[in-house]
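Several structures are given next for inspection.
The following pair of complexes shares a single chain, chain A, combined with chain B in the former and chain C in the latter.
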Partner chain A sequence: MNERDGQAIIFRFVVTLLVILALNFILPHMMPGDPFSTMASDVQSEDVIVMTEAQREYYFQYYGLDRPLPEQFFSYLANLARGDLGQSIYYKMPVAGVILLHLPWTILIVLAATAISTVVGVVLGIISARNRNKGSDRLMMTGLIAFAEIPSFLLGIILLLIFCVHLRLFPLAGAVTPFAHYTGVLDQIGDIAHHAFLPVLTLSLAQLTGVYLLTRNTLITVSTKDYIRTARAKGLGDHIVWSRHALRNALLPVVTRTGFVIGMLMGGAVLVETVFNYPGIGLTLRNAVVARDYPLIQGILLVVAVSILLCNLLADRLYQKLDPRVVE
Partner chain B sequence: MADLEVKDLKCHYNTDTSVVPAVDGISLSLEAGEIVGVIGESGSGKTTLGLSIMRLLDGLASVSGTIVYKGTDITHLPEPEIDRIRWKDIAIVFQNNLDILNPVMTVGKQVVEPLLKHEEIPVREAQARCADLFRTVGLDPVWMDAYPHQLSGGMRQRVLLAMALSCDPKLLILDEVTSALDAFTRKEIRDLLIDLQKKNGYSMILISHDLSFVSSLASRMIVLYAGRVVESGPTVDIINAPRHPYTRGLVHSTPDIFVYKDLWGIPGESASEDGHAGCPFSRRCTQPIEICRTSPPRLQSCGDGREVACHRGGIATLLRADAVHFRYPLPGRKTLHAVNGVDMDVCEGEVLAIVGQTASGKSTLAHILAGILRPESGEVRFMDGAVHSGNNGHRFGGIQIVFQDPFSSTSNRFTVLDAVREPFDINRIGTAAERLDMTREALKLVRLPPTDEFLGKYCGALSGGQRQRVALARAMIMKPRLLIADEITSALDVSTAANVLRLLKGLQNRRGFAMIYISHDLSLTLKIADRIAVMDAGRIIEIGNAHEVMLHPRDDRTKRLIGTRVGHCCHDHKPVGMAGRLQTRVSDCGDE
Partner chain C sequence: MPPYLRNAADRFTATVSKFSLEGKIGLCGIALIVMMAVFAPLLSAYPPGKITGGSLEPPGADHPLGTDELGMDIWSQICYGARMSLFIGLAVACIAGLGGGALGILAGYLGGAADQVVMRTVDVLMALPSFPLLVVISAFMGPSVFNVILILVLFSWAKPARIARSQTLSIKNNVYITAARNYGATPFYLLRRHILPEVLPILFVLIISITSYAIMAETGLAFLGLGDPTSKSWGMMLYYATNFRSIYFTPYWQWWLIPPLVALIVLLLCLAFIGRDLEQVLDPRMRQNRGG
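And now, the complex of A and B:
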C-alpha cells in the first residue's frame, strides 16, 4: 500500500468515526425521558421514586445536561480527545471502567461465535456445493434459510426454555457461577464455557446461514470458472482441484464477510445477552438505555462502532494479503 | 493404428429450456505425429469437441459416441483413470482469457503442479523443468513468480503453452491459441509449434477459426458447421478448391488468403437451435434445393481423401461452356475468331471475373453465355439444360445480363417504372399491382428511392450511376441465379463506379447468386472476384483463384496484363532540375 492510499484510508476512517460520534451523541438524547426519572429506582424493580423539581435541576446542572446540546457535544468531544469517556450516571463510576468490566465477556462470546459460525458455515457450504442440487444440498439450503428467519432473541428464549428451564443442563444467567471456588484453571475455564455455551450457540446459529450461503454460492460460481476446468484438465484429481483451486478462491469473500459478521454479532449480542442475562456490554447497553445513562450509552456505542470499523479494516488488510489481484 | 479415434461424437448441452447440440455426430481420427486442423466459426462446436476429447464437459452436457485413445476406450473411464491420461498423454492449450489460470496462484506453481502430480519428481527439479519450459516458449523464467493478472495476453498464452507441454504429452489439443496474439507473436508461436512437433513428434489438433494459421500447420483439415463436419480433406486442396459452400465462404472471408479482395463475410448468423431438420447451413447456402430443408446431408467421400456433407455433392456447377467458338465475318471474306474454343465452369454463388484487353472476345463470350448469341460450335449448359434451348432470360432464377453502357441499354423515353418493370411486361408475369410492388422492391435493392416521383422520372433525366442502377434493378427483378455484368462500371466515374460495384457485390453476397463480371480493369476486378479468367484473342489463357492469378501468374500475357497497372502516386522518373523537391515528395508518399 502506498502512502496516499494509506492516508485516504485513515481519512475515511476519521470521517466515519466523526459521523458515528455525532449519531451516538444525538440519538440517546432524542429518546424520551432523562437519566433522573428512574435514577433512584433499580432498573429491575417496579417501584419508581419521583424526584422533586429542585433535585432534578441540581442533577442536570451537576452532569452539565442543562447546557445547550452543541456545547455538550463539543465538551464530550474534548473529553474524548483526552481519553475520558465520562462518568456513568447509573453506575456512578467512569464509563471506561464499566466498559472494561463487561467488554471481555462480549468479546469472548462474539469471537467464539464468529469462529464457530465461520468454520461450520464453510464446511456446510462445501458439502452443499459439492452435492449441488442433490437431496442433501436442497435439504440444507431450505433448512438453514428457514432457520435464519428465526430472530436470535426468540431462538435464545427457546434454547433457554429447553436447556435451562426444562433440562437444567445450563445455568440461567451470568458468565460464571457466583462465589465459586475453582480447583484449578481448567475448572474455571469449564465453568466459563458452561455459561457461555448457549449465548455462543445462539449467536453462531444467527450468523451460520449467511456464511453457509456465501460459501456455497461462491464455491458454485468458482467451480464454473475456466481455471477450475484448467485444473481438471491437468489431471490433478478431485481433491486438489477443490481444495487448492476452488476453495482458495471461494473463501476470499468469506474473509471479507467475517469482519462484517463480527460487527453484526456485536449488535446481536445486545439481544442475546439480555435473554441469557449474560454480563457483557450488550446487557450493560440495555441497562444504560433503560436508565438513560447518556455517557454510558455513548461510550458503549463508540466501542462497538470502533471495533466494527477495526474488524472491517483488518479484514480488508487480510484480503489484500490473500488476493494478489488487489493492488498493494 | 490411429492415435485417436473419435466416432460419432455427440455432445448436447441441456439448458433449462432446451437442448443445444454443440457437437452433433463428429468422427475423426488422428495418426501419430499428425496435425489436424478443426475449423469453424464461433459456435460451431470446435471447443466442445476439444473438451470432450479430454472428458472435460460438465454434468450439464450429455455425451454419446466413442473416443478411443491408443486402443483404449476412454469414453467411460472413471475419473481417477482419466486423470492419469490427462496432461500426461493428452494435454490442451486453452484459449487465453483472464480466468483461464487460477488468479491467486503464481503461474510458476500452476505449471509445476501437473509435473509434481504426474512425474512425481521433487519440487526443485520440477521448478527447474518449469524454467526450461518457460525458456522454450520464449518467456523469461522470472515470470514464474508472477500472478496471471500481471501478465499480458501473449505472455499468458505462452504460459498456457508451457503448461501443456510440461508432462510431454503425446497429443496436444490447441484451442484458439492465436486469437489473442498479435501478428508477430502469432508467427513465433506457429514456428515454435512446428519446431516442437518436429522434435517431439506430438500429434496435434488445432482448433481455430483462423484459417491461415491452421492451414500453415495442419496437413489435414476438418470444417465444422453447427456441430457437424461439413468438409474434410488435405489442407491444400481445401484452401485451393473448397467443396462446401460454407468452406468457400470461410476461405473467401480470410484476408490472408484473399489478399486483394474486399472483405465480405458469410451472410446470416451461424445456425442456432432453430429446430429445422434439414441441412444446418441451408439458410445461408447459395445453392439450396428442396431436400436441403428436410433432411441433413451425410458426410460422403468425394475422392482424393476428401469428404463433403452436401446434398448437391458440394459446390455445384451452374454453367458450363464446352469448346465454344464464334467468328465475326469481316470484309474481304476474312473472319475474326472472337471466341476460340472456350471451356469454362461457373459454380453456384461464385464471382468469376473475365479480364482481358478490349477486343479479346470478352463481351462476345458474355453474350454467348447469356444465350443471346448462339455459338458456332460447342455448347453452353446452364443448370441442366442447354442455354440456347432454355428460356433463362425470361424466368425467375435464370440468367440476366447488365450491359456496359446504361445510356443505350435503357431507353431515354422510358420512365424508371417502365424500364424496371419491362421484363414482367414482356413475359406477362404478375398483376399490375404485383409488378409495381416488385419494381419498388428492386429499386430498394439497388438503393434507389422507390417513390412514385422517382418511378415517374424518365431515364433520360437520370445520371449515369442512377441509370446503371436502374439497369441493375431490371436484372435483379428477375431474381437471377446467374448475373452477367459486362463492363458495367466502365462508363462511370471512379466514385460512382465504386458505389455501383460495392452495391453489386453486396447484393451478390446477400442473395448468393453467381456472377460473371467482365472487365478490362484488373484492380477493380480483384476487389470482388473469387476466380479470375484471363482472356486473350478469344481464348482463356489462365483461370484460377483471384489471388493465385495475381500473385503467381503463369502465362506471359497475364504477367503483362498485371504489369500494365499504372497505379501509384509515387513515380521515380524525375524531371531534371526538380529532383530535390520531388525527392521529399516521394519519401512522403513512401512512408505512408
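And now, the complex of A and C:
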C-alpha cells in the first residue's frame, strides 16, 4: 500500500497499457495456422473450404499481412488512434462493430453482478461482524470461504444443470428469446432479465465472498478503535455507533474495491458466458479463437484489458479522493 | 531412518496435528486423489484413450461410470485425468513459487538496479488482466501441456517474488544480520541460516494457492477448447462433454459431465482447506490481514 501517489499509479497504467498493446500486436503473428485456412467455412460446420495459393496471396496482400512487422505495428497504432480496430475476418464486418454488438450484454451482466455482490456482501458482512464469534458468524465464514474456492464457471455449470436442465426454469442459451414479439417494454425487460438471471447469479456468487470478508474484517478492526469507545462513552446507542461511526469508515475500502470487482468480473465473464452461451464479448472471444480471427481477438483483448485497467485506475484514484489520510 | 528424515516427519506430524477438522479432511482428500493418480492403471480396467464399449453407455458392470461419445471408459479417464490436473498444478506451482521466490530473495538481498528491474516487472505483471491474456496467449501458442505450464508460470511468479522480496528486506535490516555479517558470515550462510527459514514457510503456503490457481486456469483454458487434445485432463473432459450437441437434452450429462465436475470441485476445496490451515499454522502474522 506504499507507492500510492498519483503519478506512480498513472505511470504504471501507461506502462501496462503499452505492454498489452505490444503483446496484442505481436501474438497473432506467433499463432500456428493462418486465418484463411478456415475463413470460408462456418465455425460449427465440419466442412472446410481450401483456398488456392493465389487466393491466399491475394488475401494476405489485401489485409496487409505481407508487409514488414514494424510497418504493420505503426499502422495498427495509427488505426487504433482513429478508433479503427480493423476488419473481422470471420464476421466480415468491422471489429469495433462486432464488439459494440456484444459488449452491452457483457456490461449488463457485469454491472448487475457487481451491484448484487456488493450489496449482499456488505449486508452479510455487517450481520457477521455484529454477531462476531457466534454461531451465525462462524457458519457464514466457513460456508462462504469454502464457496469462494469453486471457480465461477464450475459453479455456473452446476447452476445450469439444476435450473435449466433439471428444473427447466431458465433458457440454456442466448440473451433474448429468438423471434419474440413483445407486448410492451416490461415484457421485453422481463425476457432479458430471465435470460440474464443465471449468468448474473453465477458472477455475483463468485465475488460475494470477497466483499463479505472485507466488510466483516474492516468492521471488526474499526470496532476496536478508540473513537468507537469514545462514541460509546458519550452514551450513543448501539445502532448509531455502528451506522454512523463504524460503518462509514469500514465501507471505504468496499467502495474502492468495487472498481477491482468490475475488472475481475470482466475477466470471469469470458468463461461464464461460454457456460450459458450468453452472447457477450466473452463468447465472441471464444468463437474468434476457434475461427482464428486475429483482428477480432486483438480487439476484444484490447477492450477487456483496457476496461479492467481503467477500473483499477479509477479504484485507486477513488481511494485517494475518499480517504483524506492518503496524501497525494 | 536417517535423522533429517525423522526430523521432517516430526515436523510434518506437528503441523498436521494443529490442523482444523477441515484441514484434515482436505489432507485425506488430496491423499486419495494422489493415490488415484499414482495407481490409475490398477484402479481402472481400461486405458483412458481406448474404445472399449459402445457409445454413451450408461454406468453398468463393465463401465462403472459409463462411456463417452467415442465409447471410452469415463472412470479410467477420471483416474488418468487426476494425473494431468495434479501434474500441471504442481509443476506450475513449484516452478513459479520457487523460481519467483528465488528472484524475490535475490532482488531484496541485492537491492539497486536488480531490485528495480524485478519489481517493475512484477508491478506490470500484477496489473495485467491475467485470464483474458491467458486465453489469447494460449490460443496463439497452440495447445500443449508444455505451453499451458509455461504460460501459467509466466503469470504466477510475480506474487511469490514480491512477498519473498519484502520478507528478505525486512530480515536484512535486522541488527542480528549486521552482527552475523560482522562476524564474517557469507551471503550464502545468511541465506541458509536466516533468510530461508523465514521465507520458505510463506512460499510453501503460496505454492498451495498457486497449485489451485493453476488447476483452475488449466481447467478454464481446456473448457474453452484451449487444452492439449492429446491429454485427458478433467478440464478437457468438461470441454468434450459440454461441446457434445444436445448434451443437456439427453441423460448423458449425468455420467459424462458430473464426474469431472465433482472431481475438480473436491480437489479445489481440499487444496483450499489445506492452504488455509497451513497459513494459520506456519505464519500466524498472516492471520490478521486475511481477506484484504
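Note that the second predicted complex is superposed on the first by the 284 of 328 C-alpha atoms of A that agree within 3 Å, B and C clash if a C-alpha of one lies under 4 Å from a C-alpha of the other, contacts with A are read in each partner's own complex, and residues count from 1 in each chain.
Quick note on the criterion: a contact is a pair of C-beta atoms (placed from the backbone, for glycine too) under 8 Å apart; a residue touches a chain by one contact, two chains touch by 3 or more.
Owing to the predicted nature of the structure, the values given are computational and were not obtained by experimental measurement.
Engineer: On chain A, do chain B and chain C fit together or clash when superposed?
Structural biologist: Overlaying the two structures gives chain B and chain C room side by side.
Engineer: Chain A residues in contact: does chain B have more, or chain C?
Structural biologist: Chain A has more residues touched by C than by the other partner.
Engineer: Quick check for you: in the superposed arrangement, does A:A233 touch first (chain B), second (chain C), both or neither?
Structural biologist: A:A233 contacts chain B only, not chain C.
Engineer: Rounding in steps of 10 degrees, give the angle chain B-chain A-chain C taken between C-alpha centres.
Structural biologist: 70
Engineer: State whether A:L167 touches chain B only (first), chain C only (second), both chains, or neither.
Structural biologist: neither
Engineer: In the superposed arrangement, which partner chain does A:G267 touch: chain B (first), chain C (second), both, or neither?
Structural biologist: second
Engineer: With the two structures placed on a shared chain A, what shortest C-alpha distance in Å links chain B and chain C?
Structural biologist: 13
Engineer: Which chain A residues are contacted by chain C in one complex and by chain B in the other?
Structural biologist: On chain A, no residue contacts both chain B in one structure and chain C in the other.
Engineer: Going by the contact rule set out above, which residues of chain A touch chain C in the complex?
Structural biologist: So the residues of chain A touching chain C come out as 12-13, 15-16, 19-20, 23-24, 27-28, 30-32, 142, 145-146, 149-151, 153-154, 157-158, 160-161, 164-165, 172, 210, 213-214, 216-217, 253, 263, 266-268, 270-271, 274-275, 285-286, 289-290, 297, 300-301, 304-305, 308-309, 312.
Engineer: Tell me, which parts of chain A touch chain B in their complex?
Structural biologist: Checking each residue of chain A against chain B gives 224-227, 229-238, 240, 244-245, 248-249, 252, 322-325.
Engineer: Give the list of chain C residues in touch with chain A in this complex.
Structural biologist: Contact set of chain C toward chain A: 22, 120, 123-124, 127-133, 135-137, 139-142, 212, 216, 219-220, 223-226, 238, 242, 248, 253, 257-258, 261, 264-265, 268-269, 271-273, 276, 290-292.
Engineer: Report the residues of chain B in contact with chain A in the complex, numbered from low to high.
Structural biologist: 51, 54, 56, 58, 79-80, 82-88, 91-92, 94, 97, 99-105, 110, 113-114, 117-118, 147, 149, 163
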